[in-house]
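Mind looking over this structure? Questions follow.
When the chains are written out, they are named A, B, C and D in that same order, and each has its own residue count from 1.
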Amino acid sequence: MVEELLIRNGVVYDPINGVKGEKKDICIRDGKIVEEVKNPKVIDAEGRVVMPGGVDIHAHIAGGKVNSGRLFRPEDGRKGAEPKTKVCRVQSGYSVPNTFATGYRYARMGYTFVMEPAMPPLAARHTHEELIDIPILDNAALPLIDNNWMTMEYVKSGDIDLLAAYIAWMIKATKGYGVKIVNPGGTEAWAWAKNCDLNDAVPYFDVTPAEIVKSLAEANEKFEMPHSIHVHGNMLGHPGNYVVTMKTFDLVKGIRAYRDRPVLHGTHVQFHSYGGTRWGDFESQAKAIADYINSNEHVSIDIGSIILGDTTTMTADGPMEYSLYQITGRKWTNHDVELETGTGITPFLYSGKVSVHTIQWAIGQELALLIKDPWKVALTTDHPNAGPFIGYPILISMLMNKRRRDESAEEMHSAIFDRAELPSIDREYDFYEIAIITRAMAAKTLGLAEHGKGHLGVGADGDVAIYDITPEERDDAGKIQKAFLNAKYTIKGGEIVVKDGEVVAAPQGRTFFVTPECDEKLMDEMLTKLKDTFEHYYSVSFANYPVQDAYVPNPYEIRAPWRS
Amino acid sequence: MKMGVKVKLISGRTVAQGQNLDNKLSDEYFSAVAFCELNATDMTKIGVSPGENVKVSTKYGEVVVKAKQGAGNPEGVAFIPMGPWANAVVSGDTKGAGMPQYKGIDAEIEKTEEQVLQIRELMRQYMR
Amino acid sequence: MVQITDVVCPLCGCVCDDIVVEVEDNRVTKVRGACAVGKSKLMGHGRIKSPAIRENGALKDCSYDEAIKKAAEILAAARRPLLYGWSSTVCEAAKVGVELAEEIGAVIDNTASVCHGPSVLAIQDVGLPSCTLGEVKNRASLIIYWGSNPTSAHGNHMKRYSYISKGYFLPGGKKDRKLVVVDVRETKTAKMADKFLRVEPGKDYLVFSALRAILYGYEDVVPDEVGGVSKKDLLEVASMMKEVQFGIIFFGMGVTHSRGRHNNIVNAIQTTRAAHTHTKFNIMPMRGHYNVAGFNQVCTWETGFPFAVDLSLGYPWYNPGETSSTDLLIRRECDAALIIASDPGAHFPGESVKHLAKIPVIQIDPFPNPTTEFADVVIPTAISGIESEGSVYRMDNIPLRVRKLVDTEYMSDEEVMKRILEEVRAIKAKEGE
Amino acid sequence: MQQISLKLKEEVMKGVARIPIVVDSLTPDKLFGKSESEIKAEKVWWGNRQENTGDLFEVGVDGEAGSASEVKIVLEGDLSRVKYIGAGMTAGEIEANGDVDMHCGAMMRGGKITVHGNADCWAGREMHGGELIIEGDAGANLCAMYRGEITGMTGGKVVVEGDAGECVGQYMAGGEILIKGNADILAGLNMKGGRITIEGNAVMPGADMTGGEIIVKGKVEDMMPSFRFVEVTTLDDGAQYRKYSGDLAMTEKRAKGVLYVKA
């Protein structure tokens, strides 16, 4: 690793520190940003766009679900096959790349941190084994804690403190980062081939998804958690679901976060912004959702925008994947996880010739463009659900260039003109706003900024992306896409990992995890019940459940004290 | 002249075979897998009684094993525990699927005076 | 005497993790909770005493260093090497194996190739509606074992996870469940069944299609007898499947090994999908070795493909039937092989063993076996799950960490693989100069 | 016309191991316009190492070609471990004198391949056009898809003079296959278009088919139990056939396949 690095003459976009495209030098020593350096290796950025390393708030990159996707799609695997090089291991896959390709391709886009947003607690070891094998990227994972029997029982009895003790134990046991919610109640119902809407009773548990979301938000805020609850709501992908989405957001209004951050992060909201009553009259309700976000401060979102083409959909939302498979008749994998969650996977082709897909394509971008404050929005494709992450540069070029959007719309199904807003929106993102939705917002919302991610202030990690484009070229959509796909330089922890779009070094990333600190008496009371549950209903023993330290070889621990 | 019976040959796991997985060069393994289970009627047909030797012949080879009576076997179905003796006569052709046919092979079984080869002798055959 | 609880059993795909083991002067002296087969493994057997290299016909003891160096020389020189086995060792060793395969342009394959490889091919065609074993324990009121015989192959399966176990929604255990067995012979498992269907060898495919037709409502086209099973029985089983709240099919090598191979499994899965239009239905392969699933996981996340991965062209190419071990050997493609934690000498068809016996073979294993008889380099290792720890994946892909119960002088599989990789790289570097 | 002859040197297949050679780089498209010495220098994979074509094959070039379609490649010697013969070719002709290894004519789009012998598995895999003649037997997965794909052959014509292995034309969507001998189990598996004609016998033909047609002129062993008999009808050859529709195991909605079996 280079000890000292000086990035000279770059035009820097560092939103967390309010730096809006200033020509500015960046100094790095021993992997951290510093005021000045003595005899550094110098990179002349020559007026190119310079940003902090990218931070992805939500991409399925590791774990049993992702690997089942790889395993059952050799036809996707062969698409991305590349031989090993002096630096890189073998690569394969397009929508479900192998772990090595995942690290290399993100790094080539200038990203240095990715959040794996759906870790089944019982299979957490698997998620961590894959994270170990993803080069370069720092990472973290969110355990699924909403369909768990223990959660639902505490929600039913209203013991928020004991629920907090349970999530504290779960996050610790899984070396996780926060609370993930996916189709609350619906995934448990799916174990009986059923589903739940927001206010339906979960079969046999006599609680509603609404109660689960509210209780988990309250329990989460019992600690100084870096991140809010991370919510994939009910009825994903159903026409008319935008109402459910807003009702879900409303549930947690008034809950007080311990610091300046939302109390709920709504993920891949494109899939939750649907109007109409069936596919026939399907339409965009992105505007309604955007209006809600614009007039409320307690919710942040990521867009989950569509990339046209073939992809692999995967989620803990089992019933949703089943209905998708019912539409396509293609291969379908389901994997329900005892007492906790589930998994559904099926391939899907988004076609610009299909009205519904076209409207979906519009919705993701509409959300980004209609929500006024970019600090409330993160750019995602819910990789690989709405499309693979290597499609980000396409999205960036769309958001920055109305002409490109209009040209694309012309090529697509006419439904985009009468059942979506996109063609009527003139807004164009600038580099500063792009820097917000691809790094700063995610770092802030995840509570990672104070841990050195997503900005270039003194003391921050030496994670820097230098793109081969100048501010003057902001109208060249093609060049923007090219520049954001293959960074001129990506620097990770002060080490040059990408040069001229090629991976030149592949160091190990770190895994961030949170340790919520819970009152011991509470914990003991909760454990009595938990151990009994293991004894009678789990298929593994309590002693073998928690993730051993061996699975987090490069740990970064964040403590979350109990709020008195 | 040859007094054989035509069967579908199956190979598979047994408890004793599993117990000696790490113990294959032993007598226990030999007695756990070097036999062929036949239906009583089939045994009478070839005039063999339990403990006597039979020769199992298929398109792919032949092997001598001890005869055993298998209550569960229907007529025309023979069973040899998975292992080198069974594999001496199964088909290696995977038909483009990567998997040999270990089960349901056409075989002829006859009584024989020939001895059952010990594991090392059996392997030596492949080393010629 | 030390008592160790919650021991994870390193034998079959059940990976029972509630075993109690007693250790006295560094030996396992007592085992509670394991099945007969698992107990036998934990109690231990005779070992390979020392590393050895074959010299004019006979194995001659040598040091680890010599054996590892020799192994590396063989592999570095090979034009079509095969790295096979991996199912009775931990994922940590498999990871080094994939790296070695990349380094030397080898084919890497595990025992799934001759076990549930066809199940993987089937999953790649139609997917797998499945669940973890605890779901079966808590919810499954109908259990179907099709071409699988747990009483012989998975001793604790019914007790811990399925027919006999008690679960949240089925507190009565087997009183609350129904058991159906489909097989070509009346096995011990079949004798326990509420309903036993005896199918003619090689006719499973037809039976599945008939069931699907019935489940979709076209029983009118189904003939009176299919593959030895009467239409009456098919209708009965179909209605059992429709009426339960949660059912599961456990299938084994009875279907993967017989005529139809992977397509039998495709059809079993299609049958599950058909049943799923009526109620919750799942299906699961009865994976054999305790970590056969784990290798497939590691190989998939590292190469994109689960087994039979050919790295000879630099990038991964996967095509069982071409890149699978049995084919490579019967076609006499390989010019060297590394065999780890498995015994093709005993478990491959004679035709393939013939070629294996002719080429340089490196064997890495704790125990002597038929493969040792012709191996040219023999490297004994610690027994994973007894003498060394690591990751393994249960038949339902739940990851567990097997323990180290006793100390050993032997190197672990992972250490040996790392040393071989280093040696190979050293040789390559020299060649480079 | 130009004729390029490639004779595999005997020593290449002499060893204990018979290591395959990958020759997708030796098609009329890729060799057109190359001199003899350039062809000799063309790289081919032999196991995990790349070799010069000239080191493995005796190379002869005769005549001139104005385009790839005027190039004919003649392969001689022991070709039973020579893979990907004519893979991806779009024009010209390849003649193989002897048994050929896997993937012969895979992904081919045009031109003609004639095999004077047997072809191993995956001949004509994902073939889109052109003509493939196999004078001997064909292995399994003739004109099938690659693992996990849902489309196999989409166009072109394939003739097998002998027998064919399992899963002929799996996921076939278009084109024509003629098997003059017998077909092993599951011919036309998952078929959705095109036509397979089997002059000999077939076992479990048409399973899971959703389109296209299969004609069996010999006997059918193990007829699928999920097909519906429609009628007895007469085809172009004047003979009477039992017509079935299926596969109902794919549900009535999708069961648009047609199977004719000689009455």
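Here is the rule we use: contacts are C-beta pairs under 8 Å (C-beta built on N, C-alpha and C of every residue); 3 or more make two chains touch, one makes a residue touch a chain.
Note that this is a predicted model, so its numbers are computed, not measured.
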item: Between the pairs C-D and B-C, the one where more C-beta pairs touch; value: B-C
item: Chain occupying the most central position, where position means C-alpha average; value: C
item: Chain centre separation (chain C, chain D; CA means) in Å; value: 33
item: Where chain B and chain C are represented by their mean Cα positions, the distance between them in whole Å; value: 22
item: Rounded Å distance, chain A centre to chain D centre (Cα mean); value: 45
item: Between chain A and chain B, centroid-to-centroid distance (C-alpha), Å; value: 56
item: Of all residues in chain A, the ones touching two or more other chains; value: 72-74, 78, 331
item: Multi-chain contact residues (two or more partners), chain C; value: 121, 124-125, 259, 311, 313, 318, 320-322
item: Residue numbers of chain D (touch at least two other chains); value: 121-122, 140-141, 146-148, 167
item: Contact graph of the chains (line, ring, star, complete, other); value: other
item: Of all residues in chain D, those that touch chain B in their complex; value: 121-122, 139-141, 165-167, 184
item: Partner chain D, residues of chain A touching it in the complex; value: 72-76, 78, 329-331
item: Chain A residues within the chain C interface of the complex; value: 62, 64, 66-68, 70-74, 77-78, 80-84, 89-93, 96-100, 122-123, 125-126, 129-130, 133, 191-193, 204, 322, 325, 331-339, 342, 345-346, 536-541, 543-544, 548, 550
item: Complex contact set, residues of chain C against chain B; value: 11-12, 36-37, 40-41, 44-46, 113-114, 117-118, 121, 149, 151-153, 155, 184-188, 190-191, 198, 201-202, 253-254, 256-259, 261-262, 288, 308, 320-324, 326-327, 330, 343, 345-354, 356-357, 366-370, 372-374
item: Of chain D, residues touching chain A in the complex; value: 146-150, 254
